[in-house]
Structure formats: C-alpha cells, structure tokens
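The two complexes that follow have subunit A in common; it is paired with subunit B in the first and with subunit C in the second.
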Partner chain A sequence: MTMNPTFLGRPLILCSILAIGHSLHAQQQDLLGLVEDKTPKKEYVTNAFKSTRVIDGQSMEFLGKGVLDTRILHRFGLINSGANNLYGLDQANMRLGFDYGLLESLMIGIGRSNVNKELDGFIKFRPLWQSTGPHSSPVSIVLVTSMTLTTGPWADTSRKNFFSSRMSFYNAIIIGRKFSEQFSLQLTPEMVHRNLVTYTADHNDIYALGIGARYKLSKRIAFVVDYHHIVTGLRRNTYQDPLAVGFDIETGGHVFQLHFSNSLGMNERAFLTETTDNFGKGAIRFGFNLSRVFTLHSKK
Partner chain B sequence: MKYSTLMLFCCLMGIAQAKAQEKFFTKQGTISFDATGGLEKIQATNHAGICVLDTKTGALQLAVLLKGFEFEKALMQEHFNENYVESEKYPRAEFKGVIVNNSNIPYTKNGAYDVQVKGTFSLHGVSKEVTSIGKLVVQDGRIQATSAFDVLFSDYHISIPGVVKDKIADHATVHIDCSLQSLKM
Partner chain C sequence: MIGIAILTGLVLTFNACYYDKEQLLYPVSFSCSGAAPSFSTAVMPIINTSCAQGSGCHGAGSSHGPGALTNYSQISNAGSQVLSSVLNGRMPLGPALSAAQIKTINCWVSNNMPNN
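On to the complex of A and B.
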C-alpha cells in the first residue's frame, strides 16, 4: 500500500498546530477561561425608576427588603396666582407617609394628607420581575391596591352618614420595562371606586390609564413624566387629566422629586378624581416629594 | 495505521503536558472591601470570586462580578452598582499577573510563603499596572491565597460627589481570601 502524501501531511500539520498550541498554553494568557462558567444566568433588572413613585403614581420600583422610606410630599398653590402668593408657595398642602419593604417584591405604605384629612394605605406586589438570561421576562408586572379614608367633618350633615362612605378604593396593574440604562416606561391601567360621590351625576367607578416615563440625564438626575388619562367616570368639562413633569435628584439616602403638575392630590384617589386645573391653560403648581430611606433590617 | 499512531502520540503528548502544569483554582473566593469614610459603615463582600494560579509559571488571575458584592444596605448596593462602578457597563473587576518570586516557592511542601504579585488590575473600564504582597499557605495539596491592597477610586475614574465626600473614603481596602484546589484538566 502506497502512502498518499496528503494523507500523511494532515496529521503532521495537526501535530504541529497542537504543539504550537501547547507552547502558547504554557505562557498562559487566559487562565480564567479554564474554570469560568460561561452559561448565562438569570439577572433581575433593577433601578428602572429612582423612586417607588413616578411622581404622583406608583412606579414599578420597590424598596429593598427591610427598608423604611419616609416620604414627605408637598403641593403648593397655583404658580399663576401671582407674586402676592409667592407664586403659590403660600399655600402648602402635604402628605406624610411611611413605606416599608416586607420582601423584595412586596411593600406596604401608609400616609396622611391634610387635604380632606385623608388617610391612605397600600399594598404593592410584583408577581413578574423584568430579567435577562434564561427564563427572562421583558417586563415587570406590579399589582397595587390601596384604600383611602377621609376623616374630616361630613359635607352634608342632614343625611344619614355611614362610616363606609368615607372610604375609596384603588386598584392598578403596572406593566413596566426598563428599556435602557437611561429610559424606562410603564403603563398603568387603573381604577378608583368611591363609596360616596358628591353629585348624582358622578360615577362611583373611574377608569384611567397611567403613563410614566423616566429619562436619566446623569447618574443622579432624571427627567420624569407622570400622566394619567381618565378614560371614563368623570365629567369631562370639570375634571382634567393629571399631568406632572419633573426631576428626580438623588443624593445618598435621599431622593428629591421636584415637579410641576396640575393636581393637588397626593394619593391615587385624590389626584385621579379631584384634578380640575388645566395644565395647558397654565394652572400649574410646584411640588416636591422628599424620600429618605432607613435600613431597619439589614441583610446579614 | 500510521495516521492513528500519530494521533495517539499527539493525544498522549497533550495529556502529559496538561498534567505537568500544576494549576490551582477556586470559584468561591471571598473578596471584600471597606470604603468607610464617616460613621456609616461601607463594606461589601463577594463570595464568588474566580481565582486561578499556575504554580509552574507563577501566573495568577482573579475575576469578580461587581453585581455579586453584597452590602448590608440595599440602597448602598444599588448606588454602588448604578452610580459608582457602573456594573451594567463594566460588569467585572479583573487581575491578571504573576507571582514575582514564584521560583522560590516550594508548592509541594506544606508551609506559609510570602509572595510579591505584579500585574494589571482592571476596574470601571480602566486598567492599571499594580503590585501587591500576599501570602500562600500550602496545606496538603491545597493553597490558601490571601492578600490586601488599596484601590484609589480616582485611579479608576470612579468619582465621589461632593455631598457624600465625607462619608466615603477616597479608596477601598480590598481583602482577598481564596482557597485553591488543584485543577484537573
């Protein structure tokens, strides 16, 4: 049997390639590659928004487990009320609230607004968390349910007033996605049920669609927009869609949200059902949310 | 016939060479740092550091995913990843270098040996030549590698804003503790 030259050549070439390979191996450029696990891992997407609120409405973001967030919200008077009112700063309305992260995807909060002497409380839960890698999800889905209770004197004392008439309820599904390090967007189909309404023409149930977006201008400053379109349930000639635009400024444990909006309310029922000022006609107020977090229960 | 003999020879040569290289590794190295500047403790630990040591050449390489650093405070961890090391853009820190006095270390004998390490440290998109000292403890075929060194933030373009300057130190003191076992090739 005669040896085919190409048949002999092939293993020789292979041999020399292996030999070269080995000599390179000895000098060793990438040792880590030998042990590194290259399979992609599931990773949750974090920091879609700087705060757990876009501005007025809930965001897709959560507090860490064991973290207490003290929230002080202010909404001032109308800017176009003139210099004599210091462009609205004379009239300050506020809500003081406390939120707490029970689990990574479960948080609760309570608050009280001076407007209507109203108490509110909410539960927020994230059944689906945006992630990358295997079994990833392109969006986060967050459920929010809250209740409000007015504690002021009854508007009409001539009728029989029930305690339940003080209550209203809010439910929402937030569908949100962090598209890039800068840009996040969320849509919120939401509804408010009021046990008691002022006029017979008013509906008890209000349906709305919220749109919240943030664009990071720098590592610590972001531009945010929070708009809620009232789909049905409110008289169109009287009530307006709440719109707020502003900036999130983060410094260590604080987040300042400075914004301009047409709504006075600082809980969902209030800003969805009681906004009468027209943003387009200049009925705008300045406001801020101040958030300070404390780690009550540390990880270790 | 000749072909298969050659192949066998090549394979045997490959195995022999691989065996001769005594490599040690871990995937659960502990890497921690402290950057406390004020009253508030700023510390984090990562238990998933990868370390490979080639005792023949003295080549030493380390890598760690920055997202794996755990802080006591969730917000601190968030800020570390988002604002300081930007782990989305620069996911890992890496060291690739050599043990300078490798030829003096008897890896087959139990004992503790001081080592000088020299190489390139990469963090936050910046690579720098660094040197450090460390200790290798050889114990029954395992090697415990420890070292501590300072990482100056400004060297790696990690900026600390004015409002938190008094809370965060200008450097992090990094501790490395890796228990290496032999790598079967």
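On to the complex of A and C.
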C-alpha cells in the first residue's frame, strides 16, 4: 500500500504554517512592545557653545572623552594704533594650549602665554548637565579651577624672591543653559587670587561676574559675546571690564573664533586683572582662537 | 581616577595661597637728604596730573576725601593724607605713580612742605 503524499503532507504544512504564524505573532508582539515603549529617556543637551571657551572665558561646553584639543590663541595690538602698525597686527601675543577630555564631564588643560611668560593649567568638572526627560536639569553647572605661574626673570634679583609670588589662582562656577538650537547663555561667578600684589591697598582677591552668550546664525557660524564685570578688588579708574565680541566659525574639526576685545590676557588671571583698555573709547584689539580636535581614544 | 588624583593635587596646591603685598614685603626707604623738592616744579605737576586736573577727582569744588587739591594751601593742608594714600597705593585711582614721583611727594612732606 502506497501512502498518499498529499495526505501525509497536510499535517506537515499545517504545522509549519502554525509554527510560522506563532513566530510571526511573537515577533509582532516584540515590535509592538518596542513601539509602545514610550517611556521618556533622559537626553543630555549638547553643543550649547561651539567651543570650550566662550571667547576668553571657559564655556559650559566640554570635550568628549579621549579628545585632545590643540588651541592657538592670538591677541594683536590696538586697532587704533594706526596703519604704521597695520592696525595692531604688528604686535602679536599668543598662547599655545592643549586641553584633554578625561571623562564626559571632566577635562583638563595646560597652556603658555608669551605675555609674562605665563604657564596655566585648569580642571573643569560638570556636576550637573542640562538634560531633557526624566530627572532632567534645566541648566548645566560647571566648576572650573585653575592656576597660573609666571616664569620670567625676577624684576629685582637683589631682594629675596619667593616662588609663591609667581602663582595665582582662579575659581568659577558656570551656570549655563541652552535655551534653543540658536541661543545659549551662561553666568559665571568667579574669583581670582593673586599671591602677590604691588601696593598695600591692592586686593589679592578679585571677584567678578562673567556673562557669555552664543547666537547661532547658521549651521557653521555663531555670534558670541563674552563679558566679565569686575565686582570688587580692582581700581575702577585704572582697570576695565573685559569685553569680547566675535564669531565662531566651524569647519570640520576646526573652530575659528574671530573676535574684537579690549583685553590682552589669554588666561583668566590675565584678562580679569590686567585689562586697562576701554572698549567704549575705541581701545579694541583683534584676536582669534584656533581650535583643532583630535580623537585619541574613541568610544567603545 | 586620574581626575580625582589631579583634583587632590590641586586642593593641596591651594595651600600655597598667600596674601603678600610687595610694598610690605620689600619696604623702600627714601633718602631725603639735600634740598627739599620744589613745590611748584616737582610736586604740583604730579598732583595736577594724577589727582586734580588729570583725573578730575580733586579738581576745584571737589568733595572727595580732602577735597580740592589745586593750590599750595589745599595741598599742604592735606599733605600727610596725600602722602599716606600715595605710599600705600590707595591713590591715585588712575595709573600708579612711579617710585620717583612717590619719593618726591614723600621728601617734600618730610621737609615740612615748603612753598618753594
């Protein structure tokens, strides 16, 4: 007796259809599960500023983990120094620096300015990161601490000079928010401590309030303002509030910050405590920050 | 870990905070031997430039501190006050005086502020 193959095949086909149907149903359920999982997730806000500096001062922005940022800063002479000085371009002051992202919210940096032959180093830490979703934060809070060290020869070698006299310190709390894709704003209460000042009436501690803002004009260009109001600690008649306005231009891995400012200093101690030019009276100098990032350790 | 190590290092570094003033650390003693500096040709120009006309703070009708410093009687009346403010660097509020200018005022006051 021969078996009818059609008869034998039917249960097999039925089983197969059932199995496939069951499998499809399970997959559908999985997919539906994904679609229906509408639990909001926490998302951190990024790119509040194009660079880790607004212009002179630190911004709320960080380098990614494992990213090295090579920074070359230039500040030229006063524009009103005339055509003979090519409107200040004859006098170039510079700072060469390297910043590195240790973690997503921790970065360090070192640099050297030719003015005062000054070394500087900083640590920047973000305990609170602006985010959306559950347990979100409306602002980022960033702590910055830095130290500077002048390395030039002593002015008077006949007296007893102290190594501590070369040192100054800077501390700041940056409170910033990216309000929209275009606009970001940050406030920075900050202080500088100088170990040595000239006169007995001079203050070793200077307190200031920094205001930094960014308005994005296009995908690659942003208008930035960096202003620091000296609250107390400096002679008002001699020293001015540092103000810088400029444009951030992003080109791939480079960020060019072209700006006009009344300060010459390229670290916090220098621009906060040594700015004597009055922006309102036309004592303005051109400068730029050039930033090039290299990813040394990519994310795994 | 690296960050914590660096942070610790920095906190320790902050123990290197000093409140030094160069003027106290390295006091300058003036030698005022010889003739007293001239009020009209040495002292008055400094006061004019840095305190009265130049800065505008102690011009005619001023009520700041010792008031106007525009002539001999006003300046000599405020002589010791001017000297102490200049010596400790509290004044002038504008660009600081040079060591030679401070010495001129110091020696004029210590020679009893002659109207010479």
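FYI, the second predicted complex is superposed on the first by the 261 of 300 C-alpha atoms of A that agree within 3 Å, B and C clash if a C-alpha of one lies under 4 Å from a C-alpha of the other, contacts with A are read in each partner's own complex, and residues count from 1 in each chain.
In the analysis below, a contact is a pair of C-beta atoms (placed from the backbone, for glycine too) under 8 Å apart; a residue touches a chain by one contact, two chains touch by 3 or more.
No experiment lies behind these values; they were computed from the predicted model shown.
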>> Going by the contact rule set out at the top, does A:Phe162 touch subunit B (first), subunit C (second), both, or neither?
In response: second
> A:Asn85 contacts which: subunit B (first), subunit C (second), both, neither?
Replying inline: neither
>> Going by the contact rule set out at the top, does A:Glu181 touch subunit B (first), subunit C (second), both, or neither?
In response: first
> Touching A:Leu103 in the superposition: subunit B (first), subunit C (second), both, neither?
Replying inline: second
> In the superposed arrangement, which partner chain does A:Asn237 touch: subunit B (first), subunit C (second), both, or neither?
Replying inline: second
>> On the A-aligned overlay, A:Arg220 touches which partner chain: subunit B = first, subunit C = second, or both, or neither?
In response: first
> Of the partners subunit B and subunit C, which touch A:Lys65 in the superposed model: first, second, both, neither?
Replying inline: first
>> After superposing on the shared chain, does subunit C or subunit B touch more subunit A residues?
In response: B
>> If we overlay the two complexes on their shared chain A, which of subunit B and subunit C does A:Ser136 touch? Say first, second, both or neither.
In response: neither
>> A:Val293 in the overlay: touching subunit B, subunit C, both, or neither? Say first, second, both or neither.
In response: first
> Which subunit A residues are contacted by subunit C in one complex and by subunit B in the other?
Replying inline: none
> Given the complex with subunit A, which residues does subunit B contribute to the contact?
Replying inline: 2-3, 6-7, 9-10, 13-14, 17, 21, 23, 25, 27, 50, 52-54, 56-57, 59, 61-63, 67, 70-75, 77-79, 81-83, 88-89, 94, 161, 163-164, 167, 183, 185
> For the complex, which residues does subunit A have touching subunit C?
Replying inline: 102-103, 106, 108, 123, 125, 145, 147, 156, 159, 162, 164-165, 167, 169, 193, 195-202, 204, 235-238
> What residues of subunit C sit close enough to touch subunit A in their complex?
Replying inline: 2-3, 6-7, 10, 13-14, 16-26, 55, 85, 88-90, 92-96
>> Can you tell me which positions in subunit A touch subunit B when the two form their complex?
In response: 3, 7-8, 10-12, 14-15, 18-19, 22, 25-28, 30-32, 34-37, 43, 46-47, 63-67, 101, 181, 219-220, 250-253, 293, 295, 298-300
